[in-house]
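Heads up, there are several structures right after this.
In what follows, chain A forms one complex with chain B and a second complex with chain C.
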Partner chain A sequence: MTNPHWQSDAAAKRISRRNAAERRFKLLGLGAIVLSLSFLALLLFIMLKNGLGGLDWSFLSGTDSTDPDTAGVWGATKGSLLTMFVTLLLSFPMGVLAAIYLEEFAPKNRWIDLVEVSINNLAAVPSIIFGLLGLAVFINTLDMPRSSPLVGGLTLALMTMPVIVISGRNAIKAVPPSIRDAALAVGASKVQTVFHHVLPLALPGILTGTIIGMARALGETAPLLMIGMRAFVVTPPGGVTDPSSVLPMQIFLWSDEIDTGFVQNTSAAIIVLLVFLLAMNGLAIYLRNKFEVRW
Partner chain B sequence: MILTGVFLAVIGLGLVGWFAARARARLLYTGRGSMHSMPNYHGWHMALWIIVPALIAWAAWSAIMPGLVDSVVMADPAAASLPPDAMHRDAIMAEARTLAANPNAPVFNAEAQTIAEPLRAAQTRYGLIGALIIAIVAFAGGAFGFTRIRPDFRARTHVERAVLGLLLLASLMAILTTFGIVASLLFEAGMFFKDVSPIAFLTGTHWSPGNAIGTDIDDNFGAVPLFWGTIYIGAIIAMIVAIPLGLMSAIFLTQYASHRVRRWVKPILEILAGIPTVVYGYFAALTVAPIIRDFGATLGMANPSTESALAAGLVMGVMIIPFVSSMADDALAAVPRSMSDGSLALGATRSETIKKVLLPAALPGIVAGVMLAISRAIGETMIVVMAAGAAARLSANPFASMTTVTYQIVQMLTGDQEFNSPKTLSAFALGLVLFIVTLVLNIIALRVVKKFREAYD
Partner chain C sequence: MTETKLTARNVDVYYGPKKAIDNVSIDIDNGIVTAFIGPSGCGKSTFLRSLNRMNDTIADARVTGEILLDGEDIYAASMDPVALRARVGMVFQKPNPFPKSIYENVAYGPRIHGLAASKADMDAIVESALTKAGLWEEVKDRLSDAGTALSGGQQQRLCIARAIAVSPEVILMDEPCSALDPIATAKIEELIDELKENYAIVIVTHSMQQAARVSQRTAFFHLGNLVEYGETSEIFTNPREVKTKDYITGRYG
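Entry: the complex of A and B
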């Protein structure tokens, strides 16, 4: 027996209205995604369209110049590599050691709470503030060489460290307690347990987080602007104390040029930077898929 | 020069000590249970005793040596011809230092040539004295460590204590960085507020640091237009773009999309968050801004500018989409399944469930996510530097060029290099305001997220 009320015209109308609303809502969600993705596609398309023509060997091996035809990105790329080297050298050990301490050894007290709060906040502080810190401390107080990969790397290391600490803690937390219990049960000390058993198991996760943090640092411009890495550098830097530029800064400097030839250079440099970032993120995803253990 | 070599020598010596102590401990080893610690720990113990005291000595000497060298050079007869004014003299000293390191370096001041020779001699002399002191410290430490190698010596306990110290030190870096940020901002901003009253800075509506000379200095450092520009671009325009798009994509991905679609679309959406801001800035300036200018012209604007608040805010909003989306994703996922199941069982459609049940339940989490997104947007620099413009004005016209706090920080610090003028110092005062605002937003948001998670656990 069906309820006749359900088959009335009014009910049918109401149901079809509700179904239409449902479809509209779903379409709205789909539209939001399509709009976001098409923006991404447009951005990539325009950069490829403008820049692909300029990508050749002389562009990849050349250095900055006032002439758009001879200008290249090798000087800036080398500056970026040196800066990233300094950043990695500092932030990786520091970040991993801090993550180990906070996750495995830290007592519960006010000091440790303060450390946790400051790490979480540092991860959200605008990058330009780190630039102000670098300018005030490294350059004005400690008198380190301006525009150098050393200062740039130090500044970015302070910015990257919280990211590594947070991802490192999550990776260490994911190692099940049974591993620790087993090591402790056969007589390993706490330090041995952590360094011989927990850390190797957490390492893929830590590395993934580190690569993502480094990719962020590689694309960063604002803090480096503060410490003067916008010099016009014709010779590639020979060491970490030489004045140099970095890839995103080169993009910024070229984007300001009036000569229209630099539009192609800027877009080509953006392609180079995006390829680097894509490779790093690809590596991070590969590491995660290859070594991730589901406990 | 010499000190760099000494540093490497200390590390090398530590390595030698490691092998020596390990070999010695192995000789003492007679069988299971005959020693408290494994030979490797004896090696580490000795290496630490060599390296740690020697590096402390090295750091101390590196800090005091330049002062000693300078005072010797100043006392040298060759330095008598130097000009008395300190700044000029420092420049010559800096050149002499370069010369001492590299005799072929180009010089601008002839005096640098005359003092380069005594400078190099003094550097060599004090370098050798330092090397000697450091060597004595290293060997003394090593000897002490070596005598302690005995079967019952608890080398492992000592080494592990040192490891724990190192771990603690690393985690204190975070506090040190926070402290460094607060201290440097407060110090430099304090210098600024000596010249400009904080009230004029926070409430004044006229910003033109270029004109600030003499007595009317307070009138030219009114930062309200900058605050308005920052809020208008970062918290209004960008959020009008990011909130609906981010929220709707999160709803679609979590509620409607199949598992396969979600697995592919989500990482692609995240690419938007991984693109460097300088790329967005260039895109905004190259593509979006001209479109908006033309659009403004068709709306009948009298000469719309290429740089506009709308172009910067729009692109910034797109950049924030994945951030809002993943925050909303987390908030929606935290709502217990039973709540939406109950609503669906009563006959509500999916969209009715989302609008009437899921969204209200997830609201605190979404609001916290939006706050974090705003804090990220107002601290964003490159997009506004490249697309928003330099004009400090209080206007609600999105087609007008508008400036922000971050833009002015960059502007003040990349122009002239005169460091202690109010103009450059104002950047630190602006930085301080930015830091405090983002800090407050972050703390509130993180707290809301935490409370919200607990409510459903």
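Entry: the complex of A and C
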């Protein structure tokens, strides 16, 4: 027999109220998504409309110029690639090692807490400050070449490393402790346990975090202003020590030009940058799926 | 005829300031199964984990007193905890196979200890461990499948195979059947009975019937103390202590 409670008017009203609340919530969520997506669509539409016409081979293979018709984006693209290369080479191993140490090996004491707080804060420091730091340390003190992808990459690595440390720690934390117990109980050492079992399981998360950090570094302009990567460079950099620009900087410089011919160039360069970013995010998804272990 | 394999002398275990094991002394013999029973939270797992220094992984856990394996102090500076754990294996309450192939699960231990000189050696070790664990027939055609894709009971037998693949001298089992159905439990009990010929086996269990079925000696723990230790048949039919009697007759627990 059904409990009469469920047939009463009050119960019916309560249930219908609950359903209405549920519908309202769904609608609200949908609204939020539509709003943000429509901004993105608008941006894409304007960029494609303005920039698509300028996106040809000579634009993709040319370098910066005072003439909008001959100016191209290859110099800045190559600068971005070299800069990202330096950033990744430095921040990935350092970030992963720091994450492993903090999660698996560090003693639990006040010093480690302090390190933890510092790293979290570091991730929130405005990027221009890193630019000043790069200027002071790499250029003025260590005498590295100004405007070079080397200095740009080092500066961005400082910014990216905390992001990798934080995402790496979360990924390592998410590996079930029972896996560590299992490895230790057959006589694996701590280091073997971490490198044979914990790290492979944490890798998808670490890689995702790394790519997000790298994507942020790729779009960064402010710190690179400080270290002189806004120079007008007509030859693409041959190596990491040659003066160079980067994509977002090129966009910034062109958007500042008076010649209206550069409007198209600006939009076209934005398209190139967005394609770059999309490719990186695609890579993140691919790597995550490839290394994901289900259990 | 039995001989003492593990000896604990006046062992205390602390978690920070909290004492979880209080002055426990016990001799654990080779060739038999020793059961640890007692109410939840009385320190069975804590004591078990101190026998192969798994407690080292808990930051604030501290062990005092003496634990001897074949007369050697396992907490001595000269004792390498990694080598110790290869000699004193452990099976956990929840089956925890590596998210790798069945073969790899068993081969991992022998590989890191260099127990196999060739692929053929390794194959032989894996087959023998899986056979001893009573799993070989069920998995021999799918050794490259994920260990985590097995059923719960099969996973636990895989974990036992993994533990015996490194040829330990002692096997510690912390409620190995608590996540299993009666049929899988029966299989594992059978297995424990066969394995005891070659190892000293310690099993923690909440099931009186299980303790009575598989063990020859039983230790009853209560609030961190070892209340009573003796022949299983004695403990269950004629306990000396009132607390033991109350516990095994289900008056509390």
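Simple rule for what comes next: the second predicted complex is superposed on the first by the 251 of 295 C-alpha atoms of A that agree within 3 Å, B and C clash if a C-alpha of one lies under 4 Å from a C-alpha of the other, contacts with A are read in each partner's own complex, and residues count from 1 in each chain.
Keep this in mind: a residue touches a chain if its C-beta (ideal position, glycine included) is under 8 Å from a C-beta of that chain, and two chains touch if they have at least 3 such contacts.
Worth saying up front: this structure is predicted, and the values here are computed from it rather than measured.
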Simultaneous placement of chain C and chain B on chain A, clash or fit: fit
First, second, both or neither for A:S61, with chain B first and chain C second: neither
Contacts of A:A32 with chain B and chain C, given as first, second, both or neither: first
Touched partner set for A:L122, first chain B, second chain C, both or neither: first
Contacts of A:I251 with chain B and chain C, given as first, second, both or neither: first
Contacts of A:N289 with chain B and chain C, given as first, second, both or neither: neither
Partner chain in contact with A:S189 - chain B first, chain C second, else both or neither: both
More chain A residues in contact - chain B or chain C: B
Contacts of A:L201 with chain B and chain C, given as first, second, both or neither: second
Minimum Cα separation, chain C to chain B, after superposition on A (Å): 6
Residues of chain A at both interfaces, chain B in one complex, chain C in the other: 189
Contact set on chain A toward chain C in their complex: 107-108, 176, 178-189, 192, 196-197, 201, 293-295
Contact set on chain C toward chain A in their complex: 52, 54, 57, 59, 82-87, 89-90, 92, 94, 96-99, 108-109, 112-113, 146, 148, 159, 162-163, 165-166
Footprint of chain B on chain A - complex, ascending: 18-19, 21-22, 24-26, 28-33, 35-37, 39-40, 42-43, 46-47, 50, 93-95, 97-98, 100-102, 105-106, 114-115, 118-122, 124-130, 132-133, 135-137, 140, 158, 161-162, 165, 189-191, 195, 215-216, 218-222, 225-226, 228, 230, 248-249, 251-252, 255, 263, 266-267, 270, 273-274, 277, 281, 285
Of chain B, residues touching chain A in the complex: 156, 160, 163-164, 166-175, 177-178, 180-181, 184-185, 187-188, 244-249, 251-253, 255-256, 265, 267-269, 271-272, 274-283, 285-287, 318, 321-322, 349-352, 354-355, 372, 375-376, 378-382, 385-386, 406, 409-410, 413-414, 419, 427-428, 431, 434-435, 438-439, 442-443, 446
